[in-house]
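Sharing a structure below in structure tokens format, with a few things to ask.
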């Protein structure tokens, strides 16, 4: 590992496309150590004296809380700036460039959330002294979400190749699904079943790749030996005709009966959260349900690892 | 004390009713040590590496500031989440359960403020890994306010039994008064005089108890040897007829003359704050006035003690 | 230096007028050490255990971020309270006095931003235990802005006397300009050229002083050997007649051509920020442009120094 600690040092983390199996291996190895820090080896002073500016142009308590806690779990601290377009000099007409140049002066790393696609890449090109980490830019990228999903599979299934999985729900608009598939395509021998309303089919292909995609039309077509299910929400507003939504909605709710019928014993059930009814609460108690138990925490561990890496302080 | 340090470890603090004289003795002993930390023995690293999520569904700068400072005085840190119902996934329809499960993943303790009575008890039943502390749930409980009031009497009068006191103002709706009386009822030989407009009399009784309650009708009926006065606000909106309010309002303002006429020399004058005129500013300089001098600080010390206890790190 | 470390200990920082060349020398010497801390000597524990309450009655992400980072760069922490008039007991009618007395109880220093002139002086007269630092009170004072401007000249030109400079833009309303001139007037032999629309001329005089002021009417009257230019914004809303604004506006934008024609090689180009077009973006790359490169960071260093001084912990 010693020669890998320099990975990402000082680098902007703009897109999931920056990662390959080798760098993911580094990241996930460190994320596991971070879990140990947060659970058993506190206090850590790894990032003592380091400051992250959490620059959020739109609210996102969950992502902000995760990054905020990640810095603090490692003994670092944060400066929180929300809605600068409304409450700061940006409201007086200051350019995005001047805002980024201002807030980078106070800190060692900027974590940026912005409603406009491409704005994190723009910020990365502006910042002269500190790395910028993408915490979601509109319908663009949200790389740490993708990283935590892959890390969860890696950790709980022990590998990222030779997997059989299911992704279900809104595959057309589901940014997290697209990133997950991109990630699995980096490894060999994965096969993923796609279950979606006909209005919300996957819009992308992975030709000439090791990733095999198989469209299924109903739950009874799901193979009984999946390693994971990755469930997402079907949003009412995606349908021009409300009746179409009502027709498909019930088919896209995970119940205990459905899990017991179609799921394997060793599988894990994932969800990017938030959920609004598409997995029944009763399922939470099933040991296979990992969205609350593992994914949320893994998000913090992956962010801890990423912050340590870009700050050049990975353990 | 050694055998008492385990008190409250990992426990939710939902209601003042969880406390008895033995546990209050533990808490107040530690709160005194916390005053020493904040005033003379800084920096403390008692809670280094620990994170409290301050989850506030309604704003309360005072209570939030007190808890926030309490963690930081002890070398801990906080993740602040305000109005998650508006700014986070909860706005997208996420359940209260998922919100609690999410934010507990980032921290070691949740401090929860919520406008609905019972929501802290609900959160406590949801949280699987961390204790939840009630920072006020609507017209329900606000146990740390009650604890700081009792601690202030204990500290400044040296005991919580054999006291003679006065509570005045709105005794009908005054949550802090009700908790104070409950607390004094845990000890022996206390007598409390009640002074309130006839519309706002105390709605509860303490039959078969050691606490003696005596209703008085006017200031000249207050015994001259009280150990404490606990004053509260009479709110205009409690009266259906504004004329009734005007009639009683002047009688429920503490002036220096009134304090000198009816108060004892050794008494303390308390108020839960905020006040809006019901104690004249001139009275602040009187050494008996402890609402600004002691109660606010004591609130922080009690919260420091409570955080240390539930985190299993009491000194 | 040893005998100077006590400077400002426990003092309120309300106005720039509290400073003289001797105390500025102390402050700037420490600010240079602070730059070393932030850039090379992290982590610092100088302010470990100390808490600053950032009490902001109006939003100002830039100033708040700078103070917030300043505390954290030194191992201290902050309690952030925004808009207490809206979100705290102040909303219930609590007096300014009670609000200050409350928040001082939680911390070691209050940093106060308020829209009303004089409110910081008022807060300073109320606070009984902790120093109050002015982070801007309406059209009144914003002393740390003035201090960072002087520090920038001192650091980059090596002295604060015998300088030749230009101030340009809105000299009538420009609070930062007035403070800068006051500062330069503390030292000997400075000459400052004033370039402003006739509607926005400097409203003050410095009679019987060492500071020489010379009004110029156009860019070609600027002497070619200035040590600094200090540029400010001409705001449209200052003109009753929009046509007047249009007429002057173009003359008050710094372009690369203008800088190359009228500026000296060794000069520095300053701006208090935010800017809204009055310095062309292309100029940012010029080594003489120090508003983004130096001034923002210097603001943090000066605030670090000031916090350490009032807390009695200057290195």
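Side notes on the structure shown:
First chain written, first letter: the chains are A, B and C, and each begins at residue 1.
The criterion applied here is as follows: contacts are C-beta pairs under 8 Å (C-beta built on N, C-alpha and C of every residue); 3 or more make two chains touch, one makes a residue touch a chain.
Computed from a prediction, not measured in an experiment: that's the story for all the values here.
In terms of the stated touch criterion, the partners common to subunit A and subunit B are C, listed by label. Counting the residue numbers that touch the partner chain, subunit A and subunit C have less than half of them in common.
With centres set at the average Cα position, the gap from subunit A to subunit C is 41 Å. Along subunit A, residues 77, 80 each make contact with two or more other chains. Taken in their complex, subunit B has these residues touching subunit C: 42-44, 59-62, 65-66, 68-69, 72-73, 75, 77, 80, 273-277, 281, 292, 296-297, 300. For subunit C in complex with subunit B, the residues that touch the partner chain are 45, 48-51, 53, 77, 79-81, 84, 86-90, 92-95, 97-98, 101-103, 105-107.
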